[in-house]
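After this come two complexes, each holding chain A, first together with chain B and then together with chain C.
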Partner chain A sequence: MLDTTRRVATPEGIELTLHLAGPVPRALAWAIDFALRLAVVFTVMMFAPLLGNAGMGIVLLTAFFVEWLAPAWFEAAWRGQTPGKRALGLAVLNDDGTPLRWPGALTRNLLRAVDFLPVLYGIGLAAMLANRDFKRLGDLAAGTVVVYQPERIAQARKLPDAAPIVPPVALDLEEQRALLELAERAGSLTRERLEELAELPAPLVGRLEGGRAAARLLGMASHIAGRE
Partner chain B sequence: MQPADIAIALRRRSPWEAMDLGLAMLQRWWRRVYAPHLIVSGAIAAVAFALAWAVQKPWLALLIVWWLKPLDDRVVLHVLSRAVFGELQGTRAVLASAGQWLRTGLLGYLLLRPWPDMARSFYLPVRQLEGQRGGSARERRSGLGRRVHGYAVWLTLVCLAFEWLVLYLSLGMLTELLLPAKSSEGRDFFEALFDGDFWTWDDALAYAGAVALLEPFYVAAGFALYLNRRSVLEGWDIEVALRKIAERHAAIAAGVLMALLIAFHPSSSYAQKDPKREIAEVLKAPEFPHQRDTTQWRARNPAEPKEGPDLSWLGALGYALANAARVALWVAAAAALAYALWWAARLLPRGSAPPAEPYRPPASLFGMELAPETLPADVAAAAGALAAEGKLREALGLLYRGALSELVHRRGVRLLASHTEAEVLALSPQEKNPYMKQLIELWRQCAYARRDPGRSEVERLAQDYRGFAA
Partner chain C sequence: MKQRSFEAAHAREWDEFEHFLDGRPSFDAAELPLRYRRLCQSLALAADRQYSPRLVDRLSRLALHGHHVLYRSRRRQSQRVLEFVLAGFPRLVREEWRLVAAAGLLFFGPLAGLIAVLQQFPEFVHYLLTPEQIARFHAMYDPANRRIGMLEADHSLMMFGFYIWNNVRIGFQTFAGGLLFGVGSAWFLGANAVVIGAVAGYLTQVGYSETFWSFVAGHSSLELVAIVLAGAAGLRLGLAVIAPGGFSRRSALVAAAKPAVRMMYGAALMLFAAAFVEAFWSPLTEVPFQLKITVGLAGWGLLLAYFGFAGRARAAG
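For the complex of A and B:
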């Protein structure tokens, strides 16, 4: 099955799923960061003349730090996020899912110089399009991936009110999840589609049809969600 | 088209993740997509460049390539939409089915091309795959785009930026770098803009290259966004999961029935089952993942145990040799350690510095003999006599020599040949200091400033010398 995830097994034998982020959100995050960097440099530039000849030097120093070190600092100290990545719900992690530290953050940010070539990240974009984990060269060198933050993926869970019904057969985890998913999204499906779907699992609903089948499944979802 | 046949993992995705799925789709089927896409876009580019060459306007080629992008999009979508449901078409089949993807409102769309469609790739499947047109298509678009339209617009804008800012400029820069003759023309950006030959053939070529590279991604991302939206709206993932429930529990029910049958007819059972296959089936379960292929060298003819003479003494000998070797090794290690220590000790600096050389009074200071035997017995009297004769310089020199000799040989002041007058003054003992000060001051003026000392001063110094030397 085709998907944009990367599975990582921890030493404890737990499998984590990382949701990889591709070029479009990453480009937008970069654009936000770039605008912020420009804003900082321009602000310093406005006040630089007050300092006379030292002003120019301070502007250049600021530009250097803001361009090369600030993103690395953000990523190392702020759970792998720069302000732009935070806005888009992205974060940088190591390949094995562990948090990013200074060496990785510095490597991937200094190598932006290579990704930037020949103009505005031409090589970086090409690498991202060709790499299965959407990595640019800096990511390849540092062994990092850019992922969606898990809390952004999980949305608020809201179940419709229904009297709980005990399922007639034992359901495994996947199946319980499917029923919960159906209940959560019952509001966004059309009524016809909901009823059509509800008639599918015959072992659960027997020969009930339409609205009664749907009501029965929603009741089972309530039971699974722990309502008594 | 059944959700159960789909080749992508169905789950709830954010719109951004859906676009990334488009890229994953493109990566999986890139040969299938790019082959027909490059043929079609190559043909478009060829036509565009031929027309533009005829009128010698490079910008015309660029415009035509841009204008005919929707035609190209349809090829990409045709391939991807079938690949997703498991139907992988070869290039020839795609081109042969041109009738399908050309008759999708293309002409009307191309006429309206100057009005930019900000979510082109997202809405393309509505027309091409669902075949909706007119009012129903509009309704469908607004329904589909209710929460996703903004994301589709962002996709278009970002791809526009990729196309123009990244790829077009990158490819243009590559031609600059690879064709040095061109950069030597020194075509200034603004100059060219105002001369009206802003778009050159290189630019048109770079743009065509950028489109060829990026357009499949744009279409794939839009298509994935569309698929995700439909999957959310219609619960495709739920459908697949519910179907699985039905299948599994139906199978279980059948199994229970079978078990009952077996229980009633025990004779009809196990003979038909192949235990090896059963075991293989069981081992396929995820609980048994520990399979590993290992490669080893084995003797081709395993040696048979041979009868032979008793060789146990060989073992004893080996044991003894091994012990001897162990002792020898320990000795060698100790020797090496000792040698290393001795070597290190030789390199380390000695604990005590070499004894200082004994002080030897210099034979002369400032070019003047100091040995007491070179001086007259009574320096003060000799100096007074010289002064009386009018040889003031000689008198002063004699006094100075006498004073220095006095300090070095009798007072034990350790003057060196390298000392200056001021250092001599500083080193001289406290009670001799005032006299030395006067003497040195006068001597300096005499020796360095060529100022002759006054007779009275020299005589006074000569008289005071007795007190100094006492």
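For the complex of A and C:
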């Protein structure tokens, strides 16, 4: 299967599938959070002069809380999501798929101080690229992963319209899934690439070539998706 | 069993489960574990019988969501905080006494050394502090001030904000730096010790000792020990990376992060308390010097007794 999914076995004897999020969506989520943090501090700063010198103290307190504690609070109390992560449909979970709690949230957020070095998450990015789970150092220490929210993934499923075709051989679950995922991505692949891929599964498409093979596979995906 | 009849047999159960997760429960929450297990069984069957991905995906989505709801912590947090402050924290510090001692040496060693050196060689301070810094400290601790430790125009609340923003951040950095093989923690411990030692030694030498020591006495115990504990927590992380023992580096780090972060809870609480004392008690000039020093020494005594003895009776019981 795709190398950005992780299977986690639970005590109930089932496997949960986590869809890991890479550096780009996480950087975007961070940018949103950063903008929100700035907005909060600037808003407080605007009203601070009303209190004279004491106002400056309130600005500094606010700056401290939004920088260090607010992200951990959001992640612990709001299903592993900061506002930026929510906007991008990301969430932080423990490695075993359970929801994040205070210790994990604080660990990963305090260690951001190291991931941020030398500039703009240099170490964090290097760490993310050096392991299979896109973990920055804070995630490694806290035992957490950043994943796409399962609800979002379900919504993203959209198959192209094609008349259903019954596959000529019985397909197991993984094979069916591969067909469905090809169909989901059909819109974002170039036509040439789609046709090239469609010619590969000979037992399904026989000697068909190019567009006809692709149309046949999309039809089978339609059948698997339950269209009749 | 065909997929269609399987779905028909369980549809109602799955719908009810979905409604429960959406916050429209049609069954009592006590039934959740049982219903969750039944759902897991359905999922395992559906996957094993190669039913369509649409069904398997729906069930695994429900299972994942149910997993989150089921394993969400419901324990009362306030109880745990109290227990941690009264027993857990001092016990943890005693357990990690080697690292605490190492961090203490890295911090109090240079600090005490510098104070001693500056009494003999006052010019040495110019290697450590810039002339602007020295001038600022002169202004802050001038015995003619009405408030010490701050400039005349500053407000207590402003200083409180500053101490939180600055000191707690230093504590967090000292901790986080430990991840870099312990080097960051050692560096922050040493660097802060050098600055504090330089200021203390210099101001004592120029004859501002009464203002300076009466200012720092009150909050010194909480603040300095908290920095040492943050350093010890950081060294714990560094040690796990350097010498993971029988574990992989990754799992050694995960195991070390738990006690380290617990120690940081305590260190952060201490830094908050220290900032409060530093902003609202330490600058007062109305309080006589002797009283402030007495309170400061009492603070050290209480803190050492706390880390030495608190939580022992509970451990025995």
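Note that the second predicted complex is superposed on the first by the 153 of 228 C-alpha atoms of A that agree within 3 Å, B and C clash if a C-alpha of one lies under 4 Å from a C-alpha of the other, contacts with A are read in each partner's own complex, and residues count from 1 in each chain.
Please note the rule applied: a contact is a pair of C-beta atoms (placed from the backbone, for glycine too) under 8 Å apart; a residue touches a chain by one contact, two chains touch by 3 or more.
In this text the structure is predicted, and so the values were computed from the model without any measurement.
Participant: Using the superposition on chain A described above, determine whether A:L50 touches chain B (first), chain C (second), both, or neither.
Facilitator: A:L50 sits against neither chain B nor chain C.
Participant: Is A:V166 touching anything from chain B or chain C once the two structures are fitted on A? First, second, both or neither.
Facilitator: neither
Participant: Which partner chains sit in contact with A:L197 here, chain B, chain C, both or neither? Use first/second/both/neither.
Facilitator: first
Participant: Counting only touches as set out at the top, which of chain B and chain C does A:T107 meet: first, second, both, neither?
Facilitator: Touch partner of A:T107: chain C, not chain B.
Participant: Thinking of the overlay built on chain A, is A:Y148 touched by chain B (first), by chain C (second), by both, or by neither?
Facilitator: The answer is first: A:Y148 touches chain B but not chain C.
Participant: So, does A:L140 touch the first partner chain B, the second partner chain C, both, or neither?
Facilitator: second
Participant: On chain A, which stretch or stretches are contacted by chain B in one complex as well as by chain C in the other?
Facilitator: Dual-contact residues (chain A): 177.
Participant: Write out the stretch or stretches of chain A touching chain B in their complex.
Facilitator: Its residues touching chain B are 1-5, 19-25, 27-28, 88-89, 118-123, 125, 129-130, 132, 134, 148, 152-153, 155, 169, 171, 174-175, 177-178, 181-182, 185, 188-190, 193-194, 197, 200-204.
Participant: Mind listing the chain A positions that touch chain C in their complex?
Facilitator: For chain A paired with chain C, touching residues are 10, 12-17, 52-61, 63-64, 68, 79, 97-99, 101-103, 106-107, 110-114, 137, 140-143, 150-151, 154, 172-173, 176-177, 180, 224-226.
Participant: For chain C, which residues are in contact with chain A within the complex?
Facilitator: Per the stated touch rule, the residues are 36-37, 40, 43-44, 47, 50-54, 56-58, 60-61, 63-65, 67-68, 71-73, 77, 153-162, 164-165, 168-169, 172-173, 175-177, 179-180, 184, 237, 250, 253-254, 256-258, 260-262, 264-265.
Participant: Provide the residue numbers of chain B that touch chain A in the complex, in ascending order.
Facilitator: Those residues of chain B that touch chain A are 7-9, 11-12, 14, 16-17, 19-21, 23-28, 154-155, 158-159, 161-162, 165-167, 169-170, 172-174, 177, 217, 221, 232-235, 237-239, 241-246, 248-250, 252-253.
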